[in-house]
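Two complexes, one shared chain (chain A), two partners (chain B, chain C).
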Partner chain A sequence: MSARGATVARTIATLDIPPRPRWQWKSWCAVGLVVIITAITLSPRWGVDFSLEAIARNWQNGAEKILQLLVPDWSFFPRTVPALLETLQMAVIATAVAAVVSLPLSLATARLTNPNGYSRSLVRALLNVIRSIPDLLYAAILVAMVGVGALPGIIALVLFNVGIIVKMVSESIEANDPGALEAGRAAGGNQVQINRASALPDIMPSFINQTLYVLELNVRASSVLGLVGAGGLGLLIDAVRTFYRYDQLSLIILEILIIVMALDVLSNAVRRRLV
Partner chain B sequence: MTVLTIPSRRRDWRRSTAVIIVGAVVIGAFWTVEVNWARLAELPAQVLHYLWLMFSDPDWSKVPEALGQTWKSVAMAWVGTVIGILLSFPLGFLAARGFSPAPVRWGMRVGFAIIRAVPEIIIAIAILSVTGLTPLTGALALAIGSVGTLGKWGYEAIEGVDPGPIEATRASGGNIAQILRWGVWPSATPDFISFWLYRFEINVRSSAVLGLIGVGGIGDMLTSYTQFREWSTVGVLIIVVVIVTMGIDAVSGAIRRRIVEGT
Partner chain C sequence: MVVEHTSPTGAASPWSVSMRDVTVRYASGVVALKNVSLDIRPGEMVSVVGLSGSGKSSLIRTINGLVPITSGSLRVGGYHLESARAGELRRLRGEIGMIFQGFNLAKRTSVLNNVLVGRLAHTTTLRTLLGAYRASDREIAFEALDRVGILSKVWDRASSLSGGQQQRVAIARALCQEPRLVLADEPVASLDPPTAHEVMDDLRRINQDLGITVITNLHLIDLARSYGTRIIGLRAGEVVFDGPVESASDSVFAKIYG
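Up next is the complex of A and B:
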């Protein structure tokens, strides 16, 4: 061994090399569990039948259809305009109503703004239940209750939005500095006055932020609510899908894309102003 | 006694204009939408009536079938999430600054944004001409949908990683794979696992919805029984959906909290 090699070896020996990070048995268990669940969900008997054979069989015919997506049928545009407008109207109305309803509810779900434990847990539990049902299922049931049209769609979106806004905003209340609220209490305000004077201005940015986010979600969601008869573009989607008019579907997708992206740009601009 | 000067209210013309514009849009939407608002007055009575039909005498004999269908939905969500993770993980790196050239990066980001703008159910409709009306279609639609969000969160997490370990790995002669393994992976793991779980929660909800177009699962069952107006069964199905979704959320939320807190 050369002299240099010996020096290097000595330096390494004196260096306090930290032990190589080892995977804990917990990590292995987690990986094992994931693999087992995946295997079960992929087995034809117990889960999703992942047969590539059917895909191969349908490939010829199906690929042609999917290629149609690349050639939108522009002549279909005039027919989509009213549906598109209805989608936007539903999204805007639902967002506005949900925002108005959510503000007091968010104050009622946060510990700082609602010290009463019973009413807080009650509202929380209710919202947890509301949140666990997807918007389209609400729409499907509401269509049966109040008939087809934009109304069941709007109600479904409101329910779906309130769950999201209240959760996010009440979390941001909890994260706020309680100092201002204590000052309000020390000055002799009751809970409503305290919330109005100090909590409300604090949560405004996060509230507006969530409302904008929900508006984006609503445009996406309201475009498919019509699949169950709740108005908007979804009614058209349902029609074109039964006739496999993928060139028309493509135009609808394009319209949703453009609106969602435009809204994204707009709300980003508003958000930058807020902070 | 000194006179207290109360700070004056801030008046901002930009804010007023914003309020006016938003107000005009909302009023305009209410004004123009074709809704029979009179029906809204009947709504509370209707809701109570239907809640009574659904929950006064639930048809518990349908529980086993409902659980079976829910399992199918959850399996769809799981497979979709796993495929989504496998696809989005490398793509996320291709979209992260410092790991790929700008044109590739922006291409990836636009791709993610497009996927995020399209609802999963439309993705499912688009691919079902090839894959057919099977749970596989649902799983693939969820996988594609997941790539949109997981890809975005992925590159954001990678770019948010502390550059120290990355530089250290590079300085000691690590190649790109070693940089990923030793510079990025250890500090990004909690983020990644956390949003994979979160996306699984989202996919569980979406998978119930995908049944509406007939790919199977609890959504399929719910639509048919709603159409038959068999409300006592619909009530049971809703109870099952709520309990299963909340249970999965609770478990996944607990795991996420533990991972983020670092145990």
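Up next is the complex of A and C:
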């Protein structure tokens, strides 16, 4: 053993090891930056204004509400059914419309499927604008424009969904192997033909995944949209919240939970068949 | 621009390639080809050999316009590539089959859909979008698959096939174009030796039975010697050998590979 150890020592001494790259200082800078930013946000002078003593002062109010939430008012169920159905309808319609709109836009946003730089930048800029506006704001503006009800909610959801689907699907296009597209080009296809015949089959799973995810988002989001008058369970949530009926609120939350869980099971089943 | 027409039997006359002082310089400044001049006659089976980075891939991709030439003149069939517009390039590519090292199949769709990609140049955009290929095009696809002995896999998903089978599907896709010229870029570099020979046999049959001009990039000397009648040696973007297989001695290969 000792003889072998000596050999190893000798070999290492004679090896021409290149100097280790000096990048460590960069990671220390990054760590330092995170520490400094955290310190600033916590400092009373510049940071977020919060104190833990507020919890100690007010926890009893909260506890009462939590107790109420723990005892759902089951008799409220019949009154939630129409709103629940409206929420589901809004979610399904918005998802379907968004999916149809998103597919060509995704192809137009990815470099591999749209080599034309000008049109690509244009579509990208448009989508950045769409994505930067929050869904609640869309709903508020649309309620003012088209009135209270499901329609402004659906339009708000579509805009919100297109931003998400296009972003995720176009990223998955860029991550795909460009080989099939090269073959389509070599066979004399135009860009639209290449996208349909060579690119689409490989991006379908990612597209369906994002669409299912967005469907789930919509069930949850449509309950928030109702707060500004855009239909669905949200309108009901707003109503019971105003009367401090936390027992009724908890029933609504429970219903949303069950739908979201059901959608999760459904989308997992679909996904398993895809892969 | 097109000078020849497909004969009623479906057998198209093969194309020649004529390069005069072709130089390819990429945007990065790399010069891939330097003043290359070549004449490939209709129906020839040519192997292009050289190290990686010698310009083989660029050479083969200039012929179907995937890589534009910087200077010189290039005539393929009736087309002049130095001045061809986008639509002309697509028609030219429609007549040239191409086979790749990585097979380049759309992995998540059926073998048939992959082979039908070979009909894109003869299919309208609307038909492609709807996936409504003509019955005659499907027939051509079935025949192409039968020719490479893989018709039984027609409904299988491309990703479920082995490497050798995937390359066969790629060859069927090229045949489906009813090509006048077939380009193969390192077609067997990702395959094990027995499969490599089977695929090279397929390419030879395309050349001998159908009379189609075949140009193949290879980096293995043995394969270049066993398949094809003519060898072109590339080194650092220049042609350092061009002659029949018989005259490509060991010293010639030593020169090509440096």
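Everything that follows uses one rule, which is that the second predicted complex is superposed on the first by the 214 of 275 C-alpha atoms of A that agree within 3 Å, B and C clash if a C-alpha of one lies under 4 Å from a C-alpha of the other, contacts with A are read in each partner's own complex, and residues count from 1 in each chain.
Methods note: a residue touches a chain if its C-beta (ideal position, glycine included) is under 8 Å from a C-beta of that chain, and two chains touch if they have at least 3 such contacts.
What you are looking at is a predicted structure, and each value in this text was computed from that prediction instead of being measured.
Shared-chain residue A:A125: touches no atom of chain B or chain C.
In the superposition on chain A, A:L266 makes contact with neither chain B nor chain C.
Contact comparison for chain A: of chain B and chain C, B touches the greater number of residues. In the superposed model, A:L227 makes contact with chain B only, not with chain C. By the touch criterion defined above, A:A187 lies against chain C but remains apart from chain B after alignment on the C-alpha atoms of chain A.
In the superposed pair of complexes, A:V81 makes contact with neither chain B nor chain C.
In the superposition on chain A, A:S51 contacts chain B only, with no contact to chain C. Look at A:L33: by the touch rule set out above, it reaches neither chain B nor chain C. Within the complex, the chain B residues that touch chain A are 14, 18, 25-26, 29-30, 32-37, 39-40, 42-43, 46-47, 50, 71-72, 75-76, 78-79, 82, 113-114, 117-119, 121-122, 125-127, 129-132, 134-136, 138-139, 186, 205-206, 208-209, 212-213, 219, 222-223, 226, 229, 234, 238, 241-242, 245-246, 249. Contacts from chain C toward chain A in the complex involve residues 64, 66, 90-98, 100, 102-109, 113, 116-118, 120-121, 123, 125, 128-129, 131, 170, 173, 177, 183.
Contact residues of chain A toward chain C in the complex are 177, 179-180, 182-190, 192-194, 196-199, 201-202, 204-205. Against chain B, the residues of chain A that register as touching in their complex are 21, 34, 37-38, 40-42, 46-51, 54-55, 58-59, 61-63, 65-66, 69, 85-86, 88-90, 92-93, 96, 128-129, 132-137, 140-141, 144-147, 149-151, 154-155, 220-221, 223-224, 227-228, 237, 241, 244, 246, 249, 253, 256-257, 260-261, 264, 270, 273.
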